[in-house]
Amino acid sequence: MVGSLNEECGIYGIYGNGLTDLPSLVYYGLFALQHRGQESSGIAATDGGDVRCHKAMGLVSEVYTKDAISSLGNPTIAIGHNRYSTTGSSTIDNAQPLVSHYSKGSLAICHNGNLTNCISLRTKLENEGAIFRTTVDSEVIAQLIARERNRSESIETAVKKVMEQIQGGYAILVMSRQKLIAVRDPYGLKPLVMGKIGDAIVFASESCALQATGATLIRDVKPGEMVIVSRDGIRSEMYKTGARSAKCVFEYIYFARPDSVIDGISVYESRLRAGAILAKDHPVDADCVIGVPESGIDAAMGYSKESGIPYVKGFVKNGYVGRTFIKPSQELRAQAVRIKLNPIESAVAGKRVIMIDDSIVRGTTIANLVNMLRQAGAVEVHVRISSPPFLHPCYYGTDVPSEDRLIASHHSIEEIRDMIGADSLGYLNVSRLDEMLGEPGHNYCDACFTGDYPNIDTGIDLMNEDAASLEK
Amino acid sequence: MVGSLNEECGIYGIYGNGLTDLPSLVYYGLFALQHRGQESSGIAATDGGDVRCHKAMGLVSEVYTKDAISSLGNPTIAIGHNRYSTTGSSTIDNAQPLVSHYSKGSLAICHNGNLTNCISLRTKLENEGAIFRTTVDSEVIAQLIARERNRSESIETAVKKVMEQIQGGYAILVMSRQKLIAVRDPYGLKPLVMGKIGDAIVFASESCALQATGATLIRDVKPGEMVIVSRDGIRSEMYKTGARSAKCVFEYIYFARPDSVIDGISVYESRLRAGAILAKDHPVDADCVIGVPESGIDAAMGYSKESGIPYVKGFVKNGYVGRTFIKPSQELRAQAVRIKLNPIESAVAGKRVIMIDDSIVRGTTIANLVNMLRQAGAVEVHVRISSPPFLHPCYYGTDVPSEDRLIASHHSIEEIRDMIGADSLGYLNVSRLDEMLGEPGHNYCDACFTGDYPNIDTGIDLMNEDAASLEK
Amino acid sequence: MVGSLNEECGIYGIYGNGLTDLPSLVYYGLFALQHRGQESSGIAATDGGDVRCHKAMGLVSEVYTKDAISSLGNPTIAIGHNRYSTTGSSTIDNAQPLVSHYSKGSLAICHNGNLTNCISLRTKLENEGAIFRTTVDSEVIAQLIARERNRSESIETAVKKVMEQIQGGYAILVMSRQKLIAVRDPYGLKPLVMGKIGDAIVFASESCALQATGATLIRDVKPGEMVIVSRDGIRSEMYKTGARSAKCVFEYIYFARPDSVIDGISVYESRLRAGAILAKDHPVDADCVIGVPESGIDAAMGYSKESGIPYVKGFVKNGYVGRTFIKPSQELRAQAVRIKLNPIESAVAGKRVIMIDDSIVRGTTIANLVNMLRQAGAVEVHVRISSPPFLHPCYYGTDVPSEDRLIASHHSIEEIRDMIGADSLGYLNVSRLDEMLGEPGHNYCDACFTGDYPNIDTGIDLMNEDAASLEK
Amino acid sequence: MVGSLNEECGIYGIYGNGLTDLPSLVYYGLFALQHRGQESSGIAATDGGDVRCHKAMGLVSEVYTKDAISSLGNPTIAIGHNRYSTTGSSTIDNAQPLVSHYSKGSLAICHNGNLTNCISLRTKLENEGAIFRTTVDSEVIAQLIARERNRSESIETAVKKVMEQIQGGYAILVMSRQKLIAVRDPYGLKPLVMGKIGDAIVFASESCALQATGATLIRDVKPGEMVIVSRDGIRSEMYKTGARSAKCVFEYIYFARPDSVIDGISVYESRLRAGAILAKDHPVDADCVIGVPESGIDAAMGYSKESGIPYVKGFVKNGYVGRTFIKPSQELRAQAVRIKLNPIESAVAGKRVIMIDDSIVRGTTIANLVNMLRQAGAVEVHVRISSPPFLHPCYYGTDVPSEDRLIASHHSIEEIRDMIGADSLGYLNVSRLDEMLGEPGHNYCDACFTGDYPNIDTGIDLMNEDAASLEK
């Protein structure tokens, strides 16, 4: 899939325990998590006194200069955040970490995810007189923590009480002057791992960020777990147990980096298995298998291995697209796709091609790709999708849109096949997702395919559409 | 005086009543108020829906591009702010307007001044669970308005209730989606004028900003007055009366632009009178009178006129110093003053010179100027200061520092004369300030000279020194 | 190979023949050629009058804004250039296109390549009184053209005379107010293709840039050919024939984009064949084949196909590295490689791995990769290189360094194997290069492997080392 | 006068003789010369090896960062330049210093002035094969020096030979790796002073730059003099003598800073005398005298002193206009003048006002000012101009335009008075210029008033209008 869906955020935090140059480590950690958010990036740091913060719009490599890193001093704790906006508008005000000053000092928050009861919480706070500077639900969390802190004996008690009030999928880092607290939602919808660099303790959205910073994986933070790191060491507390485990299956299909391992399952291997399942369930006689870079490539290799049909490189992707890339005008729109992706004609000309992509949202991009392959000489184009059809929006912080913009909500698979101009079309069957994850007993959230939201009983008051209304 | 004291802010707001291109008008209004704050600038605007805001560090001419002005759309109300930090650190977070989202929508605030009970108000709010994103007292006002708004029938009622709680000197613009509200503190410490451009209503810190935008002066907003502009027209309400009038006398001496008229008194004429009084009270036989640019020049002309001693240009000021000017190194510090100010040797060589400046804070700058004049050949240098000696800090938003940094708090005038190397030294006598203002009955605040703070009975809980502690 | 060798330049030019928005087309053409130079980019354009030029340091997506593109007007001819410095220092002065004003008007030059007789030509010009504003050899070409133009009847005659004087490998675009001239060196060392968009004529370093701009390939410009496009149509002239064809074989191995076709040979297919040859010549019993992204991946797929050993993804590359990426400090150097490349542990743990890369320069990077694979659990690491050992510097504009920095000049293959920590090491045999290109009779330059420089008889007076001395 | 005429350039150079931190000194020297050019600024420096250069568009305070200054190393010689374009377009290519590489190494040139035989020299060079990268005549000088250097034994011999070829008004600094050479044209049209800081030798356009850098004035460089500073000390050579001295009288009237002394005459005193002469020659019964900031103020003080009519401040100027100031739209054009200059109503209301300005070019600005004064309540406005009417263009590097754009070329004084809406109008009589300079015997160039060009015999081939044609 080429840039249609976007993960919301990547977070990275470190409690130094004597280790120095924490801002640089957070920088490289965020750099490894760049795929989770390209809109803005920020780092907050404390040496027990001031909380300093640097954040700006843009890629990690654009946001930070050596001076910016130096301006964060030599902290004892630091947390960072890459943002892709799912709620809230694209302004620097909404960039994280959010630093707040309150009765007990200062705290900084990094948040990946979405609160499903955000609007009711926010309304309640506003009715009590709270003001908001941003349109992101992370600020709701900060407000709640500040209020609870006034009646709690410690920051972790306050955080725990807030976790009992919020609903949704989230991974949160809270930094006070003395403590680093990591929390994962009770369903485990959002990933969060814990690692170490010597005595220093690290948290990150994905394990690839541990490796980029020389950290070794300790374990995943558990759903419903709060881990508190302070001068007293590491302490874990399960603030909520018993919830059905519901990690996001789409992290494996698309969001996460293939070199990450989430809850013990290799993202790369999942994708290979998805391809193999497609080969078994939707076989077709063809000359080669190609993947749509980057996320379709691993599934394509899995399809090839299972089917015996050779895997070839079908497209070259131009990876130099940055934030300031000038979009093609209407007249050049026809070539627009070839600017980012270009087929290798010698690889596909005269061939019956199986093209694997991870998902279809509106169908326009994939129709362009099918057309490009035919222009490059492909005699047949068979599309295989390494996920089931999107039928429902996601309320947990990924930007799967509302149903009226999902092609599969309104069209049969045969209609979609026709619309994208493919010779055949096969999706991964939703019943095969556990096989994709490799462990039949594994629980996961597949609500965007099934509508089976893990906390549907609680009511959902934040539709993606509503987020915009907050800005008004 | 060369850059030692700084005014805190300039504000400009407009309710369009059909007029278009309000952001440009605010831009030129802020440009005319640049002397009141060079740290950051911002404009917030609403067309009845979204509040859009653009703000950044730097001068007005640096902060805004055509694109930035365009991004504010075609609003019906717009307010703007130039900041010079007196409380709060120099970061973009502290730049104004402050835009807040709360139960009844969004509001933007521009604030010139200082709350003297800021810390107690902030502590109270924090104890109730409020969080702060900035270290400026303007955010305290925003929080209070949001709280009061929940129990008030209108935004103006909420603002009025908040004005009853806050103490200090201030001029405030509050913009909601439908209304523009202007408030001036009960003592009139901070200036605020009202004007019009056709049907549009304008508020500005000084009348020079009206002229720069083609507006005509209606009148000064009165101390303790709240003016509400909405689709229902203009409504005035005196939310507090009976307070002693106490406009800041230092606006006339130094802060305001000479072409402004504040509360009916021309700033330029005040300065001429200050010079004339000095000539009467501290006469000396000399060959010429010179002024330290810019603020000493008018008083020098007044001294010349009264004494008959010719006024000449003593110094040339290099006005190209911008935000990014590189400060001279220690080795070049000796020339540092001549980089910004250079004496005209032919004007002072062999002369007995009377040099007029507006004030002395620490004395180091004026000592350099006296020394420069002697190097340029002046045979005598008589210093006259168009204000009384600073003896007390200001708690209302100007950065007259605490007493330990005020030379006159620790030294006699004779000692100061000796320290700055002058042949004679004369200050404006504090009893002559009403003559300077031209109307004997006029009330004003001269607390920085006398310690007679207008609301001293209420207690002052925000010392300038404490502001820094908030940042910790 | 990870960022060790760099191509020098990419060029793109268009003669509109009525087509509009040429600057945008050059923009997308340069964007497609970004891999050939990331240091600076520039576009020059003429509408028959002024030559306008915009150039700056940075990536294509950084250098151009919409305003910059607009500032080029609506030209009839436009040429552009991406630079990677091989000679000359990294300053904006050295960025291309080079615009010169001379007796007959203005001309702009874009140049990919290196003159081997640059120093003697430059010295001669200087001795005749010429001054140089840059340290790039492109300016020598401009000076020569200007001189010849004075005694020639046309710009193409002048260009032709200059081509008879210069030696080396080059592809050059010359734009006068009325004409666009494309030249390729007599050996064909540098690639250059010709295409069309309707009536417009396009030249580009690689065919991928044609596809990105909706152009169709006409043919490669021939070695020793000059193509002149003007209002009189297209005219071709062979200014030098009979030279041995010697296209750069390393374009196929590493430089060019795999979707390009150079002189009729698909780059992608060449790399597949290189892998297959390695499998035949250096077989080894192993569990999987991996490629070092990006250029080793295609050869790895070729190796896999020939050997039957499964191809898997061994590394994930972080493609977000931009110009302003902060390099890791000494302490973090150990992780530095994992920041850009990270192994997929599940793919290689417990496996005997064959790792394919395109070349080895100094050996340090590949040693890190081998070490990373072992840490990730690989039990054996067999390295295969899809090119012969580098033994000699390149004088034609690629930055293969001098021999003292080439590991293969000083060490046997067995020694290199030991130094990089591999279990086995195999290079592509130099005798197999023609098989790699797919056509035995094909001539090419392999001087960096063999020392057999195509124009060695003429003497080479520009060593890469000498370039630096010009800057002194 | 408000921004209508602009000086072309300011130059500053230093030969260290052991002094360190030369780039900072040049920085402060250029800062003091900012009034002579605001378009671009640059510094070139050498430590005997590389010539390093930093230049960019913008004010001195914008162009240089600490990093930029550091990038110039610790040189033994450094020269700098502020540019205001009189010939050549406004692009970074045309910014100075111009650094050239030629047969004998590198040289950098800073040039203030205009060559009157530039086109014929340039054509000759182009016909010999020279190419130009810029449209400024400074590059002609560089080309000539490089050519002469090949047949000369030393750089100073080459410079001398070039000076014999060029015509016009100029002050030039030439820096080779070992020498700093300063040259002033034979007529002394352009100012150039020499000073010292300890053993270091400094050259600057005006003496105010010496004072800003702690240098003491040695003397003015003489017309037709070349001063060579090297390790062998200071050597002076008169390369041309006997020319009529013809320093630019407009430097005294407008261009130079009032604290500068040029050829022994104080700029400030000249302006006072101009005012006094106007009072004698064009007396009028009035209540006050005001000056148009900045350059009209000194003459206004002189008028006041001579006439006994009080000098008051009539206008406040907003000095914060920077390069990026957004110009008012057509609708706001009426207020445009008040944005930059605003009258002090209390000073002029009900008064008969004498307003002094330095010159009138097209008359539109002064008409606006007269109108503003009337709106502010002035009952009479008498305009006095401290220079004679402009009747002829300047060919020596100031942008007095061609005759068709000079109001006085086409209208009588009475007509101009009527057009600008003044009650009376008086110009300084051209016969009084020597009295203005204070020394009757002084020779000067007043060609813009008289058409008496000092080197009219030589022919003038560069009209200002022709400069544009070079760009084509």
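We just call them A, B, C and D in the order they show up, numbering each chain from 1.
By our rule, a contact is a pair of C-beta atoms (placed from the backbone, for glycine too) under 8 Å apart; a residue touches a chain by one contact, two chains touch by 3 or more.
The structure presented is a predicted model; accordingly, all values stated were derived computationally and were not measured.
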Starting at subunit A, what is the smallest number of hops through touching chains needed to reach subunit D? 2
Give me the fewest steps it takes to get from subunit B to subunit C if each step has to go to a chain it touches. 2
Hey, which chain ends up farthest from subunit D, C-alpha centres compared? A
When I count C-beta pairs in contact, which pair ends up with more: B-D or C-D? B-D
Rounded Å distance, subunit C centre to subunit D centre (Cα mean): 48
If you average the CA atoms of subunit B and of subunit D, how many Å lie between those two points? 36
Would you please write down the residue numbers of subunit A that are in contact with two or more other chains? none
Checked against the stated definition, the touching pairs are A-B, A-C, B-D, C-D
Where on subunit A is subunit C touching in the complex? 21, 24-25, 27-28, 31-32, 34-35, 38, 59-62, 64-66, 69, 208, 211-214, 257-259, 261, 266, 268-269, 297-298, 301, 305, 310-313, 315-316, 318-326, 328-329, 331-332, 334-335, 338-339, 342-347
Using the touch definition from the top, list the residues of subunit D that touch subunit C in their complex. 49-50, 92-93, 98-103, 123, 126-135, 142-143, 146-148, 150, 470-472
